[in-house]
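Next, two complexes with chain A in common: one pairs it with chain B, the other with chain C.
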Partner chain A sequence: MKESSLAFRIRRNKTSYFMLAPYFVMFFFFTVLPVVMSIFFSFTYYNMLEMPEFIGWKNYIKLFLEDDIFLKSLKNTMVLAVVTGPVSYFLCLLFAWIINEFKGWLRAFLTLIFYAPSICGNAFVVWNLILSGDRYGYLNGILLKLGILDEAVIWMKTEKYVLPMLIVVQLWLSLGTGFLSFIAGLQTVDKSLYEAGAIDGIKNRWQELWYITLPAMRPQLMFGAVMQITQSFAIADVSLQLAGNPSVNYAGATVVTHLLDYGTVRFEMGYASAIATVLFILMVGSNKLVQKLLRRVGE
Partner chain B sequence: MAKARTRFFKPREKRVNRSMAGNTMLFVLMVICGLAMVLPLVMVINNCLKPLDELFQFPPRIFVKNPTLENFSDLFRLMNDSWVPFSRYILNTIIITGGGMVGHVLIASLAAYPLAKHDFPGKNILFSMVVLSMMFSWTVTQTPQYMIISWLHINNSYLALILPACSFGMGLYLMKQFMEQLPDSLMESARLDGANEWQIFWKIVMPNVKPAWLTLAIFQFQQMWGNTGSTFLRDEELKPLQYALFQISAGGTARAGAAAAVTFIIAAVPITFFLICQKNVLETMTTSGMKE
Partner chain C sequence: MSTFKDFCEYYTDYKLDKETSVEERFRTGECPLMIADYTTYNNFAVSAPDIAGLWSFTKIPGTKKSDGTVDHSVACTGLATMIMADTDEPLASWEFAKWWTSEETQTRYGREMEGLMGSAARVPTANYNAFLRMPWPVEDFETLKSSMDWAKGIPQVPGGYYSWRNVYNAFYTVVTLPDTALPREELMDKVIYINAEIDYKREELELDGKRK
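Moving on to the complex of A and B:
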């Protein structure tokens, strides 16, 4: 009975499925299948020339027990994600919240200023000039002039400065889609809630933010979190462009740069797949965890 | 003063719970952070106008003293020297980003309509798969994607860049969220008039979600604009503008001026697009929230 009714419902909705087909065929080929393949190949040795050879957990064992560069890049990625993820998330929220107090062209202008870095493509290479290792670099120039430094520091080639500098640049770049979602979300909060809140004894804007605004825009908060988390685990371009690959003592190596190294340079697809699978688990796992936390906002 | 206030601040609502001290503090914070954000972009703009001697100057100055368009004429001269005619690179970029934009907007909208407005078995699973796909970045899938693209024999063709771009998750997600708020009565009355679902999609739904598809187009453009295509494209005749620009600007000190002009062009194009469509983008993003 149930079978026939399901078949009936599928047949009745066949137009819906036809409409879905083009997108989901491609989605299957370029998203679902790659994830499945990634998990499958992570248990094999595969160089794209010979047939893949099943080797069990060996790739993972090598990753976590023998590959020091992977461990270092994993550590860097965790540091970058744990710092830039939450910080950029709160910056997005803070700036969106302040921008919401303005109106008209000033509001549009501020939105543009904060959002522009995230869409300026590879223009972040301008940071190469700021962080340049000679006296012509802006940072060195200013610090030398102020007498804080005696000689130019080669910022991106000095191990201890690499990660902090990458964090700064990444934060600059990170007010993206989540930020727009917050700005738009703040506009949709029902204004009468604020007046009702004032009557109910909400005294200042901070209480208003916590008890009224944030719970009202929880859906946007969830969306923004997904954007910021995914972005902060995927940091690679900034490191490749500013610190180089390999960076000095692998100080700027991230899981993604390591993945690129094995996937597109060495063509060790099995090993690269294992790295990709670890990254997949990290990203999806932390997203799920944060979604759980965000359900409690305003409670 | 009072007049200036109403010009910059929202006049009526939100006057509850606002102290002057708080306003001042947040305003100052905003100015400082705004300056920090905009400074590198100011440098991009100034650098492209600097003559070579100002680019290498100690102590470095942010603002240009004797602005010149020399860097751009240098860039154009270098463009004319390229091995493949430069217009070819521009054409390639138009085909690749244009194909990715149009393909994605059409295909994602077509799939978003039934997900938003029809009820059929498997709907929730399909949509949660798309949401899940937004939780990891394309870097995870790029290695196997490379294999799939070589198996499909679309390596070294425009399709290698266009097809994966058509199936990004975010566009479908935004489009579905936006379509959900269209009133059902709109489609019902069209059905009563005898329109079929395809006609409803094309004639009723699409015109009503114009802000959303403009937004999708912009986001897609931002994604694809920066792509040098170097993983998939081998033939020089197929490579996009970004690739050519990078080749030109990667000439070290001698090309510093042209490189500054390149950086400016790379940043200016997507920012201009956003500037033009900001209203539509924000309207679309109001529905971007994730329901639990």
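Moving on to the complex of A and C:
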């Protein structure tokens, strides 16, 4: 058997392959296979009660040419991704850098405060209370008392407030895993690099951050960016719980809520799969873009 | 159209609070009168012992018709059971559906639910006669029985989920932009969407002949 052939190399590394197998099986059946099935369903008409019927590109034609709610939801998702992605990324970095200065229990306490919203399951529904349209809701009550408002505003049902409110809640939620990975990354930067930098003429903390800390943290930066992007494209839960399903005039619609509407309310799985495929391509594309941009950090 | 206009006017001209926790306001006395469905009755019967015996309910205030009589119509929603056409056991399914919605079974179901969880668990039974046999207090029972005569179901059509959604959108647009949005315009805009969706669903389900 030839030394370099694929079969020979597999045979030689077979223990590694066996160890990979459990994860690979789960990954294949729960991630790869559903994506492939979804791409297949997007070319059919499927209402989940009958067999899928092949209709070619009709779903995509309808999606891009006739569906103005999809365009609105795409715009909302882009706004959410562009604002909460980078803004939350920088906020995470900033807070991680500041908290890195503290030591001991104060640091652990601050980390808990920042990380708590993301681990507490659906804790963001408390915003429903705060943003309640009732005259006695928290936000309304305080603003009425201070005289800023003279009648209660229904925050989640007024078109122009829905998206800003969603952005605020999403930012609050997103100081999560990225933040932890930044703190870990900041800890693992080699201390001797800072000393070498001081000798070489680094003048202030900003230069130190840009030339030493950030390049040393490149894997964590990459991880953080990937997590933020994937999360912001998949924002739907927050929108459903706060803005309702469907939201008023589709002001809070994101691509995933649009998908859920078609899939679960209207039973048009083929169309929902088309939306999912478009979202998939969008996410992969933007991921690649972000990675390319991040390679230039520190140069 | 004029009904929608009147409905919007309660909120734009008379400035009724658009979102309220009616239950809380009823308990503190801020709202002495409340229009709600009977699940709220269940809610209060169990969760508001502080006002027990101090409240009751009656027929919904009606609108005076042109001939002087009062129309007490109330909208109601419904649930349905269906048997799929491809099933292997159509007769058995029919027998089961008949048994489940019979007066005997529903009475037993309702009474056992209430026996387990108290009056909070009083269910709207699937059988009208079974409903009359639930343990209601006497005056409440008389009121309910007379209200039942006025209950009118809202017919559902394929694509009907789109109607309430668009009326809702039109309503909120008018109510949150009272200076610029007119009820008539908003509703007419949305009616186009509603009609389009109903047409689409009718074509999909082949209600007007084979799909093109």
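The definition used in the following text is that the second predicted complex is superposed on the first by the 294 of 299 C-alpha atoms of A that agree within 3 Å, B and C clash if a C-alpha of one lies under 4 Å from a C-alpha of the other, contacts with A are read in each partner's own complex, and residues count from 1 in each chain.
Keep in mind that, in the parts below, contacts are C-beta pairs under 8 Å (C-beta built on N, C-alpha and C of every residue); 3 or more make two chains touch, one makes a residue touch a chain.
Keep in mind that what you see is a predicted model, and the values were worked out from it rather than measured.
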item: First, second, both or neither for A:117, with chain B first and chain C second; value: first
item: Contacts of A:272 with chain B and chain C, given as first, second, both or neither; value: first
item: Partner chain in contact with A:136 - chain B first, chain C second, else both or neither; value: both
item: Partner chain(s) touched by A:246 [first = chain B, second = chain C, both, neither]; value: second
item: More chain A residues in contact [chain B versus chain C]; value: B
item: Which of chain B and chain C A:205 touches, first, second, both or neither; value: first
item: Partner chain(s) touched by A:222 [first = chain B, second = chain C, both, neither]; value: first
item: Which superposed partner A:145 touches (first chain B, second chain C, both, neither); value: first
item: Contact residues of chain A, present in both the chain B and the chain C interface; value: 135-136
item: Of chain A, residues touching chain C in the complex; value: 47, 132-136, 151-152, 154, 157-159, 246, 248-250, 265-266
item: Of chain A, residues touching chain B in the complex; value: 6, 9-10, 13, 15-17, 19-20, 22-24, 26-27, 29-35, 37-38, 41, 48, 95, 98-99, 101-104, 106, 108, 110-117, 119-127, 129-130, 135-138, 141-142, 144-145, 172, 175, 177, 180-181, 183-185, 187-188, 191, 194-195, 197-198, 202-205, 207-208, 217-220, 222-223, 226-227, 229-231, 233-234, 236, 256, 259-260, 263-264, 269, 272-273, 276, 279-280, 283-284, 287-288, 295
item: In the complex with chain A, residue positions of chain B that touch it; value: 7-10, 13-14, 16-19, 22-23, 26, 29-30, 33-34, 36-38, 40-41, 43-44, 47, 56-60, 62, 107-108, 110-111, 113-115, 118-121, 126, 129-130, 132-137, 139-148, 152, 163-164, 166-167, 169-170, 172, 196-198, 201, 219, 222, 225-226, 231, 242, 246, 263-264, 266-267, 270-271, 274-275, 278, 281-286, 288-292
item: In the complex with chain A, residue positions of chain C that touch it; value: 15, 17-21, 24, 161, 165, 168-169, 172-173, 176, 204
